[in-house]
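Presented below are the structures under discussion, each in the form of structure tokens.
Here come two complexes built around chain A, the first alongside chain B, the second alongside chain C.
Take a look at the complex of A and B:
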């Protein structure tokens, strides 16, 4: 039974995805949408793609190292945020898992929701390493530093275990406490 | 010399086990019972004598080799016979084959037989070698490009071509018909490879199969028939023993049963649709497996999804292998039991998991579980691996859980007597609580069975909802099961008057079980991205990149001998391990396997599929073909 949400709050932190049927459905299948992060080469591909991205951005005429590293940092953070923390659900095989993952982002699906796993540690470490590299190459310019660090903090917040399966909602009203599905 | 088991010659047509229903019911069970008892005698005799090489296709001095006769030859008249319809070696005057070469290959070389039996001490499943980094990176980048392109196309398509995206967008106040996110992979990845899937075929899916050619002008969205047909070598059907044949003793028996029983018994098992043929078939299945009783169901998927909920429910725990089939997962989800998974075939991890769940009990309340059921498959068709049954039964005796073995692929195909994975390991079937299987793969029929102790089967007959709500198995299908099972057990099916004049020792093509394909040379010496165990009739070849799936399938179809294969991509397998799956059959001859290996060799060079072993350690394809027997017995 989902508890009725308080209506009219400006900010609300809501726990999702812990109904019994969903839990049972999730434990019946290996989630291959999220399994690949533990496969061979899934960690190094981040490094490869960052290098390739940097090379491409460097080819833009008039690009300085400072702007280039900042751009690489921001684009990487934006794309990984989109992939791991924005998109929810599994884009295939719905009759097999019956929508049990529809509310969960890819981050929450990794390793069946276990925290402090090696894959999650790596995925936490790469943005931080990239941030450090970008601050080094921007020579600690305060404006670029501010941009980089706020982007980093913004991306690190949903990776915290305290926010696992929790959503922060701003002025979100539900009709009589029952949520309508938000995935399109 | 006619077998002592043979029924009297068919000239006396009155004496047949297929008595009409109008005759008195007393004589019919007697006949069926005497048939079954004679069958069990022959079976016991076989087990006692246990010859190394069971009976072979006998040589009779008739100089005919049936190469055509199925209806397909009527559909296409040709002047020249292709190599698929005529055997490469012409038959000698002493060989007679009762099968059609395009359905079941003609080959009597006894050196190509191998007994399917587990040799204790050998490694059960080969550990696949890991791919190199550049393959893995290119695979990830391929998927990334496909996904990005897919999203871009969706984005612009919805804005510029709204008419083709109507089913995915809201319009006129209606919600979208399909969710565009849920169908993303189907539309953007699978549709690109659509020529590999859904291939329309006609005729018998035996050694060769007739494809209806088609092409697509709109990138896989629709297909158009060209009007031509191609006969291709069929390495994709689950036809492990070659019973998919339209000509032979089984087919004749099936036709006879339609005359006698009709096509349906008209009802579910518990409400008037149960016939004596059902009882006989169940008894035969139980006898075949060595259990007390068996229970039939008309659909293989439904066997799992109906009988698992009848056994476990809320408060029970099901531990299933990671790679179990969808039907098992469906049944488990339907039952409401808790589920845990253990890594594929890893008995140490299973033991650790067992210790954890038994000590912890149910979640939150920590009460003991009502029962713990472990569900494994005998042969995993996507991997080609065989379950580690001896170790599993050891664990069962130690931790006292219930065991369900799903032998969908292994029944008939493994074991020196064809009795499945239990026979393969030489174990006692009473050690396993439930043996489940299907008739689709090795028996050329349809449907499934559950087998175990009599008390359990009697209870499942009532509690499983198939008894009340599903149709009963239809008589011709049951007759196919009976005749194929009987010929595996060593009894020739009753040869009816319409067949050749020689008596019951003209066997249908598949002589029994030891003909489990010995020509499955383990690819380790040549291309080492093959998974599985050498004894498995399913050999997956991993190709990693999604783009190679399409190319491989297409190139195989265009090879000088067209070969139709099954490619399996993400999301049916994990992300990096897309594969092509070869299902070898008893109906293939060594020449067919050589053809397939040569085709794979050529295409593998083009597509860069050979990884793992260094060039120096590899054998050439000619070496592999010549030294096949040595490879297999090693």
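Take a look at the complex of A and C:
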């Protein structure tokens, strides 16, 4: 007679922990997948891509300024969220680290997990500056304003240091939710 | 009241004038006016955002990994720590037991063999039951002559890893010989027996793969599993029912997690080096095919010692060696040469030529040892009488040892290494705990823990038993039989092994000599342990 398993909560925040072997495998080589945010031109490229994107979107016939700025905002937020906070693991030089980064997003890999580094400050400032510029240059109707600001807040949440190495899970069944089962 | 408001107004007016004097203030005022757009609600939200951004920009940088391992020392504390530091000696002084252990190691004069001469006792020994010389290949003249020929032709060392000018034609001949002997597609040689399986496991098992291993596997396999970073689940020692339960639980775990199908391996030994138990190979193979796992079988002890011509467990159970995915053996133990090998399909071997750490980074074995191993295989192939003699000797030894009631023998009757544990006085059968300690646990053990459920009942005194067994060894040495305790790395293995005496039988001694020697051992055991 097996006891009934614990029912999962609707929303659960769980911490990604570290085993000694993972720390060792991470510190063996430099992680080029996370170091590029400190390289030359990595900051300016955000501005360049946003301007280019705005220009391209403006060429679509029948585009109003409100919709154009909203689109630029939303596409930038979506792509940066996907890149920094959704995908985990590393695409390049995977063999050097042997899967030690498989549970970490790019944001958590930057600067070995230090908070408030220059790169992170820049990456947090750019969406805010983009939003403020967009509200300055157009007059949003209330709906678009709401959409924009909620998207911005949604993307700012995982950048907070309180959410470092924490995952918010919705309606998960299993008791131990970490992706790879760990041995004690 | 009016005077305070008047003075407040005057203050604000003077502030406004001062502000207007700052260059660029008009731009700022214009920007804020056009941003505000007569909507105070939005402006409040934007101001909150700006304050948050400025707050974040002003924070100072923290340490990586939450600064968990960083302790901030004061200068005075640093000075104190530096002053009181003394370097540890290069060689730590031995404690009393270690020192006596070192002094008790026998020194052999001349060459080792079934009847060596010791430095301490000039009279010849009756028997050597300590060295691994199962099929007597260690002293064969044929092998010695061929080795000397090879030494004259190739020199001693091979001067390089196998992938970098270290492979000689004799190595390739040996690999072919091993593959032919066992009946697999191909084989690959490693230059040290210890590092063979601890290289093979990480070559195939990576982080995220599942390994189901026996709790009694030897130290090398434990190290290999640790290096591989795979997920390990343990099953009870030599218990196929427990293995099946663990395989089922792994599958259930994976289904619950809805994870992808990863590579899965079962790792076990043919004859366990820890206690001499032998596995049931046909059942294990049937289980692995049913549950779709790959089998890594470590035949370090059983290769060259069991089976009609010494091919190992596959010959003994009449199972084709191609059914075992990765078969590892030791030429140091079985063929009295050096090193180890891994046999399997061509893909398995090709993968190891690039990905086996010991193959890539260690030097290949000297040519003369490769030739000795090849000769050893020829001898085994052509004279199965050696194996029958070995099995006869084992049987004779076991009949004498099984009669003793001061020791228990966990080894399989056909195993060439015989472990002797000190038998504890059995508890009265009325005691309820005896049901558990009788060997069959009531609940299944936890697969994630390397210790079995009975580990809480393990209460042997390691030091006392080691000392008692060392006395037995010295007593037997005085009477002319060289035996040894099983030497373990205390504190380094995942599961501490019970202290034991490890007898290694050999076919070089005649049955009468074995009988005499084992009787001496039995007498020594009785004399020391009865006290």
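The rule we apply is simple: the second predicted complex is superposed on the first by the 165 of 184 C-alpha atoms of A that agree within 3 Å, B and C clash if a C-alpha of one lies under 4 Å from a C-alpha of the other, contacts with A are read in each partner's own complex, and residues count from 1 in each chain.
Operating definition for what follows: a residue touches a chain if its C-beta (ideal position, glycine included) is under 8 Å from a C-beta of that chain, and two chains touch if they have at least 3 such contacts.
All figures in this text were calculated on a predicted structure; none of them were measured in a lab.
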When chain B and chain C are modelled together on chain A, clash or fit: clash
Touched partner set for A:98, first chain B, second chain C, both or neither: both
Touched partner set for A:168, first chain B, second chain C, both or neither: neither
First (chain B), second (chain C), both or neither touched by A:149: second
Partner chain in contact with A:45 - chain B first, chain C second, else both or neither: first
Which of chain B and chain C A:82 touches, first, second, both or neither: neither
Partner chain in contact with A:25 - chain B first, chain C second, else both or neither: both
Chain A residues touched - chain C or chain B, whichever exceeds: C
Chain B clash site on chain C (candidates 57-65, 147-155 or 507-515): 147-155
Shared contact residues on chain A - chain B and chain C: 25, 98, 183-184
Chain A - residues contacting chain C, complex: 18, 21, 23, 25, 98-100, 102, 111-117, 121, 124-125, 128-129, 131-132, 135-136, 139, 145, 149, 152, 161, 164, 173-174, 179-184
Interfacial residue positions of chain A with respect to chain B in the complex: 24-25, 27-30, 32-33, 35-36, 39-42, 44-45, 48-49, 87, 89, 91-94, 96, 98, 183-184
Residues of chain B defined as touching chain A within the complex: 130-131, 133, 136-137, 140-141, 144, 176, 179-186, 320, 322-323, 326, 329-330, 332-333, 336, 338-341, 570-571, 573-576
Contact set on chain C toward chain A in their complex: 31, 34-35, 37, 42, 45-46, 49-50, 52-53, 56-57, 59-66, 206-208, 226, 229, 231-232, 253, 256-257, 259, 448-449
